[in-house]
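Chain naming follows the written order as A, B, C and D, and within any one chain the residues start at number 1.
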Amino acid sequence: MVVSDPVASASDGASSESREPLRERFEQVREFTLLLCEPLAVEDYVLQNMDDVSPTKWHLAHTTWFFERFVLQEYAADYEPWEVPYDFLFNSYYNTVGAMHTRSRRGQLSRPTVGDVLRYRREVDARILDLVSGCDTQTLEQLAPVLTLGCQHEQQHQELVLTDLKYNLSCNPLLPAYHEAPKSASAISPARQEWVSFEGGIREIGHAGPGFCFDNEGPRHEILLRPFALSSRLVTNGEFLAFVEAGGYERPEPWLDLGYAVIRTQGRGHPLYWYREDGVWMQYTLGGPVRLDLAEPVCHVSFFEADAFARFTGYRLPNEGEWEAAAADRPLEGNTAERMRFHVEAAPPARGVFSQIYGDVWEWTASPYTGYPGYRPAAGALGEYNGKFMCNQYVLRGGSCATSLSHLRPTYRNFFPPEAQWQFTGIRLASDA
Amino acid sequence: MVVSDPVASASDGASSESREPLRERFEQVREFTLLLCEPLAVEDYVLQNMDDVSPTKWHLAHTTWFFERFVLQEYAADYEPWEVPYDFLFNSYYNTVGAMHTRSRRGQLSRPTVGDVLRYRREVDARILDLVSGCDTQTLEQLAPVLTLGCQHEQQHQELVLTDLKYNLSCNPLLPAYHEAPKSASAISPARQEWVSFEGGIREIGHAGPGFCFDNEGPRHEILLRPFALSSRLVTNGEFLAFVEAGGYERPEPWLDLGYAVIRTQGRGHPLYWYREDGVWMQYTLGGPVRLDLAEPVCHVSFFEADAFARFTGYRLPNEGEWEAAAADRPLEGNTAERMRFHVEAAPPARGVFSQIYGDVWEWTASPYTGYPGYRPAAGALGEYNGKFMCNQYVLRGGSCATSLSHLRPTYRNFFPPEAQWQFTGIRLASDA
Amino acid sequence: MVVSDPVASASDGASSESREPLRERFEQVREFTLLLCEPLAVEDYVLQNMDDVSPTKWHLAHTTWFFERFVLQEYAADYEPWEVPYDFLFNSYYNTVGAMHTRSRRGQLSRPTVGDVLRYRREVDARILDLVSGCDTQTLEQLAPVLTLGCQHEQQHQELVLTDLKYNLSCNPLLPAYHEAPKSASAISPARQEWVSFEGGIREIGHAGPGFCFDNEGPRHEILLRPFALSSRLVTNGEFLAFVEAGGYERPEPWLDLGYAVIRTQGRGHPLYWYREDGVWMQYTLGGPVRLDLAEPVCHVSFFEADAFARFTGYRLPNEGEWEAAAADRPLEGNTAERMRFHVEAAPPARGVFSQIYGDVWEWTASPYTGYPGYRPAAGALGEYNGKFMCNQYVLRGGSCATSLSHLRPTYRNFFPPEAQWQFTGIRLASDA
Amino acid sequence: MVVSDPVASASDGASSESREPLRERFEQVREFTLLLCEPLAVEDYVLQNMDDVSPTKWHLAHTTWFFERFVLQEYAADYEPWEVPYDFLFNSYYNTVGAMHTRSRRGQLSRPTVGDVLRYRREVDARILDLVSGCDTQTLEQLAPVLTLGCQHEQQHQELVLTDLKYNLSCNPLLPAYHEAPKSASAISPARQEWVSFEGGIREIGHAGPGFCFDNEGPRHEILLRPFALSSRLVTNGEFLAFVEAGGYERPEPWLDLGYAVIRTQGRGHPLYWYREDGVWMQYTLGGPVRLDLAEPVCHVSFFEADAFARFTGYRLPNEGEWEAAAADRPLEGNTAERMRFHVEAAPPARGVFSQIYGDVWEWTASPYTGYPGYRPAAGALGEYNGKFMCNQYVLRGGSCATSLSHLRPTYRNFFPPEAQWQFTGIRLASDA
């Protein structure tokens, strides 16, 4: 998701919503973004410590620009842009609607200030709410799906606000905490690992409505599965540490050739945010440094690390068809952003079922990110860019502790390059039946 | 194939060959490599003008080392290595059998000289032939598959000798020719383009024997296809030039995001080896510079260029399942290395069938290179590395004018990164039915 | 000066100052730094838009750390560091006193916040003033030179605060102003250029006291000069524009080989901060964008540009001996930081004398920065690093509109690499007599 | 000298030579170049293993092109270039006479072959000799200085042939020898080190004729020296090893800031070509690997290493004025290229005099390379480039074991960037008196 804003399919059902739920949904989503910023100092909003992350200030402004550009400028009579240069500064990659500021230079800007951006947000919010309340029904039907899309888009950026902040703060030798993390009851020992079996055959995956989805979740289509098994829970820190301590990073055998080159070149020897202090394995979290909890799911591993770990243990990663087929009838629940923990939790005791599905960590699949058969991006600027990122990325499923549950679905396809570590990403093992 | 040596499955049938055909096959393959080198000056053997290519001298030595290391050292009694440092210099990436010289520095070596390497080849060849003639039947059964694999491996390097030389010579402002190319009867106009339709349903792809295959061609397995159509012939230079002249490289719409970044960063505006001279489009070939023939298949395009062209025209690239299903019952014939032309030819007149399948150019598919369901690399050094390259590469099918026909099969899977241009790579369009 | 903190010679006369002037000087210098920061938003303090510049926040903290480390920790009884990690974060390159944070990562830190740093400043200031007031005479004699050095050091960083901010803000497409610049009476036309002649012979240069100097200003020593002439005023924007418009950047003749490589590689075609808008030459200043004033001195040119311009016009740059000999008896006055303009001014009408000597722009000399004969760095941490930067840099003389007059002397030697543009640097022409 | 061809002053006395000595000199110099190539395999001529070195083939062709371009094309009636593209391929940096091939790509060319280049040499040689024999006296007077310059130019490239080959061959893990080195009588112990004192005062340096010099050797001019002392001999391997073993490369104190960054970034811990094998210090030489001889002068150190060693020992490097004043009346003799050893020799026993002046190693001075007072490059293409390299380089004096004695003079100024190691460069210590 780092370089993309997956956009909505044309067929989402948002246009049938009435005005009030639309307003409420909009206000809730916008409010939650500000809630995430509450612990920040002004200085925190400015940082961009690698090209892949953006300053918090940019996220606040870009999500606002999205509503301004695609709702107000399209549907509000005589709307004039708040500040003309914002169209340049806060466009992400919608080439059709104009030129844009270079991604890697977002951290070079001190102006507009955080205060300026918050004023911009408030003004756009007021205008959006006025528009939704006051427009005619035909306009409402047209703008409702765009507004819904804008909310989903903002939820994606809420997750990025957290992951980007975590990265930015982690570069500071003081290792400052983002917030005071809620205490979690640490497991005495990790839940037992079990295998859950699934039958093969022709299955359907992909979104078929009703409700919102991004266009890359469709069309719904048949796939052919072979019998398979999935682990009942995520791989733990303890299990991954065993791989580290067995010299897993020191020899090429378990690694993809490209992955081994990456860990050699970058000198990686463990997941991102792990470090040793006086012989003790520590981990930087949004609550500051903590001792590594061996019962918790391993987090901040790249696809390369997930894949190498799986091969080392004799198993493999699931493909996305397997994952979706297995998840299809499981309840939508988990350790997600609403809990405001922004950190993983140890799995509940095993009960022979596929669990820890939503929340905690995005699960790397073995599936390169490509378009489903018959996939066509939507027309116009909003549909212009969705398929653009279907190259050299892998699909992740299930959401993380920084994803809102209201943003998740069994069909949701996230995607990142195989070397990316800074998202809340982890490992679920699979096996041929 | 740039970073890999796909290796044989354990189940190839080579062990049932008798001694004489084995010797003959070995001698033919080894002889053909030397035939390819005949036009060269000593200086030509040394060049490595980008990391992805290797000096001809290295190819000659590495293929020899393969036989020395995996046949002579394993099966010839009391065999002593020809030169101990060759094990270091001419190993490509078989980590299990030892350390190796850095790939990007192969062009830094003037010694061993070409003469030294040719002596090495002759010596190893003689020892191999002696061994095949004189060993007991049990040893023969063991070494036969390795020898067959070595011959297939050498055929892969024969193609690389040609593509690497083409690249190396193209960097010389004098644009020297590799050989005097056979004259081709230039088409007055390109063959008509037709669509050939194929039914959907469950099909099988992958190799099931008898005969040799690389392990990535198996296991044979079922796939689910939707109805589709393939173009009767390859995309021509004239068709691709229309894309260039319509500003295809100047705007982001048809491109994958990563592809557009590559052409912007590298300043690409046309296929590799095209250039304009006094307003005329020219093309560097192994026969030297020639005027661009609009009826010939376009060649030396990357996956990014193939994909962008397909999107621009409203079609798409085939996936590898479609390609193999369509090719399964077509004759194995085409403009391949045996003809010693090493350049594409215009398509024959259309007859409503799927043609230009083998030879001319490797056809980019839309399929990321991954393991087939149930794929397991063979055990030991020879199987150690095959799956290692299944990341950020795309499958190509059909072979090129630099591939030996005796090296090709419908199930053959070649693979290169999406930005690679220096192989003989081209485009076949596909469409949903 | 970019990578250095030239430090005081052991022989400066500061120890003879009484307490009160020492306190006053300290308070004035510290206050002026804060005055420079008044126009800033919090966000402005964080930026580091190239490796050579530092965030304002870092300058505020580093200058404070200097006093804490070299005065309080050395002379205040039982002093405990304010925050232990500050010793790591705000050390610049004093290896002897400990490890330090990587220079290029100073912009990665949001904490300590600006507020934290200001508290740190206030606390250290109070402790310093207490110490000066309360210490015994012997201690006062020891710490006085260090305190004086710290004030000179802070004045250097005051200039960097301005030049670094100018660079950081210039990267913002909004081109925000740092302050509202005082209006200047623009000259109708530039002052006439005259040559001022000087005799040759043996002269003395270098500092011989009394008063403070950095150790690189000594020892005072004899040099042998040949007769020479210096331009009465600095080169103007109009004169430099003529060079630009004559294609001066397009052909190699006037350039040093290295300089031509730099302008080719970086695509430079004019001084830093110049740009064209609708056919008009504009210039970014700390007061925001203004039309280029042709009568003003050209500014923000590198040594390479200064040298090429001189060669193009048939003259040369002065060497530092010539400059110092000529300046030795001229009044210490000019357009310096005290005026709070931070922008150059057109020269006064020519009167046949060497003028525009101090302030406006640092004048590039032809002299590589080396140690004077007999130069020895002072002992200990403060003297450890001064000679370290005597390589691949050129001497500049005279100070700029961002330098405090109280910081300047005829013997002052500033130095920057030949490609540096972001200081207020300009050109004075010289000629053999 | 790496990026330059210092050219002759207009005032050399060559024009008074008669035809025969001019022909003889030309033939001797050209012959010696071929003699240096005798040990090579064809493959050796092609390598360019870093940007700073050139292939032997290029040196052979470029020196020939120099005579063709500046003698034959200027003075031979109706001369037609041998091959037009050679003007592009073998021009080094004479922009005035046309565009040129990129320096860093000289190793990308296999054609023209070594045979082609040798034919080119023979043809040009024959034409030059014909021209010298047959031209009228006025033409002879004009071409004689250019021919003399071409011979001096070729002698510079003879040294580069050796140093570039040494570097190229050293990258080969086989460490092949260039030739079978003559045996040297290894010293039992190094000669005693003594200090030789010199008086201060006004001295003259620079070339004043008669005979050839490069334009950077003039004008002869007065300098002011302070009393100084020079070491009687060069620093030995044993002395430098003591610096290495005392951790000289591990701590910043003795190093220039830029030098310490270079050794840290590049991981240097000893002079180029030193390595340890089984606990023994070895050294790669043109005769192949040998055990490090502690009595021999240290060689292949950069300016940074020379400067750090001097500071570490409490001394300094001489400046070029000191060196030239000291060398002015010493005999022109030493271990130079005529001896065909191409390796340093231990100093003869000390006799209280300044010795090991010429040959063995170029001695780094503390003097940045700048133009002498009044220096003006000659007019036209030959004078176009000499001053171009007077930036970020240091002067070296005395010649090396790879320099011809007939190429040396007391006034000769060689120059290289402070990080360069691949020339035969060493250290002479100096001290204030």
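Note that a contact is a pair of C-beta atoms (placed from the backbone, for glycine too) under 8 Å apart; a residue touches a chain by one contact, two chains touch by 3 or more.
Model, not experiment: these values are computed from the prediction.
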Co-neighbours of chain D and chain C - touch as defined: none
Most remote chain, CA-based centroid, reference being chain C: B
Chain B and chain C: spacing of chain centres that average the CA atoms, whole Å: 60
Averaged-CA centre spacing for the pair chain C and chain A, given as whole angstrom: 47
Centroid distance [mean C-alpha coordinates] between chain B and chain A, Å: 38
For chain B, residues that touch 2 or more chains besides their own: none
Overall pattern in which the protein chains touch one another (line/ring/star/complete/other): ring
Chain B residues touching chain A - in the complex, by the definition given at the top: 3-4, 93, 95, 202, 222-224, 226, 252-253, 255-259, 366, 368, 370, 373-374, 384-385, 387-392, 418, 432
Chain B to chain D touching residues, read off their complex: 41-47, 49, 57, 85, 88-89, 101, 105, 107-114, 168-169, 171-174, 176
